[in-house]
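See below for the structure under consideration.
Each chain gets a letter, A, B, C, D and E, in the order it is written, and its residues are counted from 1.
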């Protein structure tokens, strides 16, 4: 069976800063990988490359065995890669529902006369928020929303389409205990449907409760990649801080 | 002894949304209060009022026994209230050091001929980042920084001045295990110096490890206010989700 | 309110029209007891052609208006406006006229003969340099009809032919590359462009300046530019024929920095227009056109050339 | 008593009514209405059929372009070239028809020119990342210069065989309403519809709100931007065609300085130059305000020198209503 | 081998050298230099002392105002009134001196006028939250109208007892360099210093970067904004005084349309209308580019009708260098 995602020797530098340095790994369908590391370790940069946001300076990526060369983020979406961005990527001047459906608006009518289907979009967004147990109002502007409500909007986006690979960059940073449980449950559901997930998080318990494997990065390099059962929070913490060099 | 901060029947509404509803509490010097609640419960709105960012729709606030009526955020700063904003409040076009010192630039020279002291500011910012164990580069623009590095910049700001009251709105949301420990240690130091702290966080372990008291909000109302020793993570979770109505 | 004899000019931003206003105000002062008053208006900018048409409409819609004198910046547009508005009050043109085929739309024209004005400038240049040479024409706003007409008058006089739009040796005269220059009624731009042209063409023989902007709008840089050439100008080795006698222009002529000035009499236009309009209202026959004269100044005549 | 999650989700901060009161457009409309009422009482000639006919007609040219400009402004851009593009398109129409072609060919040539110009602006801005201000300022210069080249800097006032059709198009009326007003109404409704009900409109707002986020979520940002500048140029072209029909003559001067008026109309009507905010109705209201002020100058007999002060003051005053409401509220 | 925390903190993404290469100002400077070299070879008259003297002098008026404008643009604002303010200040100076007052009084009156106008703009924008575009567009109209009122719309060309002093001020030279150029150099250095080395400059950037964040961190946003619009008006006033001295006459249409040129100079030099970015040096380079293009029209003998195309094309081309570098890099 081919891996869903295969990274080979991926590097990325910004000027003098080497953000990601020679990282390789495989990801199988239905596998949840926790990606951990210190601040500035290069986690976001890595997943942004997979999402077509940056192009790697070196190295190759393959999706389902085919070369993955992305010129624009929309190409990643088209190929079945969904991402929750760490900075959420929201348009402050639009409503929560409009943000959820951005790039995938629902329309009604026929042919060229298709108009936006506000009602259905509000309804569907409301359902997703309810599923996430998040008190987020679909009809209000995201500009005026609380940090957690904004994050719920960003997460809701990935729940619209059936993806092959879902990248979540700290999806639970701003949300409350109640919704954290829902997001983790959602990740388990994805896994059960055979969808691969990369979860970036600084919350040790979350990663250990949901991931099958943990990858640790330090200063751009991959320093560990092992099944979650073979590791422990203490070891991972050691790897993140550099107390343990490499495993 | 007068309380450092006294809130009496504070409310705030935005149009039809009642964000904060009749909240009162006292805060003593050297006390660390954990403020918890679901997303959109009104935590940020509450601390923004204390920081002069919004004016309460109703209710009164007192600082050290004197009325606290703030027209602009700078007045809160002048009266010894420091805040880490949830949205960080950074200027993307400035360097990390410039952001740390924003509004409090260090200068050298005499009288009207005082110029910015870049060198000292870079040095001092570097020291703070080191203290936080954060790999944040003072001379680079915050625009290009990772989520955790940005948060470190926002936290660093509050470490410049000796405050009476420090408000931290999810200061550890984006930062890594290593730095979380440093931030919590910093909060303990503040407490030991007699500074009052309000810590908003969704991370139960953090709150329970550092706070003396926990206040829980639900849908704008205060539903609990008790010593941390008299509570438990389970109870707080129940209060947040509404499983427990009020204590 | 008094009945209004309205003057609509091309734009308020031009001191030339201000002189018309002065004439209009003088008439008001002298006829304070009259049941009529002279009312002066126009768009803020000379380049706002549609704005002028709109003002004409507004004025024609007003009950106080009993006669109107227009200085059209876009003759066809004003003609069209008049056709649609179909005014009940007498209409005349001032300073600039409608096209010949539209002349039925107005009762008379009061103002300068712009073609003649250009022709007079041309004559001065031709007299100074009968054998011809290289010339550069300085114009104002590219759409301004009166300026284009002056340029035509000058070209026709220089060459003895009709209707040439650029001179390529006809009558001995050649317009150098980069000319005509449109200065958009900006004095500084005009002098800057003249400086550049002189730099690029050291063998230039003449400037024909169709609107006085470079002289009255930027007299000092103009002096700086031509002081070194004063002697050549005195000997007719270099010739400058310029329009208008506004501001510092006459002084410049006195200093011998311009060969000849040909000026209009805007004050006279503004002063006469109310009387002409009253004649029209009274139904008297008025000659068509009524030309106001030209003031022509050379170094030797500066003290007497301006009609008082 | 306990509020359910469902109820919270169904809430919204503002209902339709309070949104209207919170909009700058509404307050500027109030200003326009007050000005009209004042003028009706202060002068006998304001509320006459001819004057109203003229005012409504005069407003159209700025208003039509302001519709296109509003789209550009919503994306966070600016288009300074509209005045010159209007001139170029009018000239292309005039020259084509003068050369003996029919009105159809003339309009097609003119619209084609507008689209090419708009595409040029848009491609440089969207694909090469040029600042919109620089590109469209360059085009301001270029388009007018091309208009001079096309016409040899002459006044064109004979439009060949279809001369009368063209004049009827721009100068005619229907049920006492000037044709241009009808065109404007149709275009405004169309623009409003597109902004509110189509995916394209949604994307225009998204780009202005957060261009980076729009790119990340798969909005075809570049294509939309090109389209928006083409629409802006097109609106200038359409205004040019109608204006030509109304004026009956084209010089290389028309539309000079119009860009500021058009942008002012859009901004006064509530569009935000920082992007993300704007409405079609606002553009019309803004244009109407400017025209009412201009019209009142003559009717009130304001001294020529003071007219500028009056216009400028009124523009500022019009926005004051909205600002005062905001100030009061922020406390 | 192991990198310490200290080392990471001491790192920076770009050194001085690579920052220079990454700046639009640098590439526009390259464009200016290339244009100058080209013109030196293509025409015999470009690289002559007189021509260079003229070019450097001509550049100053736009450049000085562009310095003030750059501050406004960095805060994320815009000032459309500068051309009219230049006119008003020139006129106040001219009328005061014409009335028999000395040059000192004249300059004081003129500067005072500029500051009042700037303060008016700034107060409305900063304290009442008006859109800068609307306020300064209103002022564009008002200031010119007041200039008409002040002068009765006549040409003023006699400046009373200190006539010659004024002409020497603007028209003189020092060691072969025109006086205005010296003023410009001093003002540019001053602006550069303020932006880089003072707290005020830092705040200007902060406001443009994130006004909300600046307010939250205690930056006196409103005061700084008022100051910035006052500086912009002041720079227009200073340019007006110098220009009056150079021209020797003031008409009510000087400075018309200058606002677009000035903003273009700042933007071409690298300022970003969205705020947060800009340099004093960039403003000068941008102004220089515009003047070199203008100068070359005459020297190269470009046909009058095509001149606009040439100017517009060159403006766009100048920024192309920078864009190409960016495009290459983004891959």
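Please note the rule applied: a contact is a pair of C-beta atoms (placed from the backbone, for glycine too) under 8 Å apart; a residue touches a chain by one contact, two chains touch by 3 or more.
What you are looking at is a predicted structure, and each value in this text was computed from that prediction instead of being measured.
Where touching is counted per the definition, the chains common to chain A and chain D are B, E. Comparing mean CA positions across the assembly, the chain most remote from chain E is A. Of all chains, the one whose Cα centroid sits at the greatest distance from that of chain D is B.
Separating the centre of chain B from that of chain D, both taken as means of CA atoms, is a distance of 46 Å.
Averaged Cα coordinates give chain D a centre that lies 29 Å from the centre of chain E. One inter-chain figure worth recording: chain C and chain E are separated by 34 Å, centre to centre, where each centre is the mean of the chain's CA atoms.
Residues of chain C in contact with two or more other chains: 12, 21, 44-45, 142. Annotation for chain A: residues touching 2 or more other chains are 14, 17, 40, 135-136, 140, 144, 219. Counting only residues that touch two or more partner chains, chain D has 8, 11-13, 148, 152-153, 257, 304-305, 307-308, 311.
Contact between chains, per the stated criterion, is found for A-B, A-D, A-E, B-D, B-E, C-D, C-E, D-E. Those residues of chain D lying in contact with chain E across their complex are 76, 78, 80, 124, 128-131, 133-135, 137-142, 144-146, 148-149, 152-153, 257, 260, 263-264, 267-268, 272-274, 304-313, 315-316, 319-320, 323, 326-327.
The touching residues of chain A, counted against chain D in their complex, run 51, 53, 72-74, 77-78, 83, 85, 88-94, 98, 102-105, 107, 114-116, 126, 129-130, 133, 135-141, 144, 157. If you check the complex, the residues on chain A that touch chain B are 14, 17, 37-41, 44-45, 86-87, 134-136, 140, 144-149, 151-152, 170, 173-180, 202-204, 219, 237, 240-241. Here chain E touches chain C in the complex through residues 43, 45, 48, 50-51, 54, 58, 141, 144-145, 148, 152-155, 157, 167, 170-171, 243, 245-249, 251-254, 256-257, 294-295, 297-304, 307, going by the rule given at the top.
Within the complex formed with chain E, the residues of chain A that make contact are 14-17, 40, 55, 219, 242.
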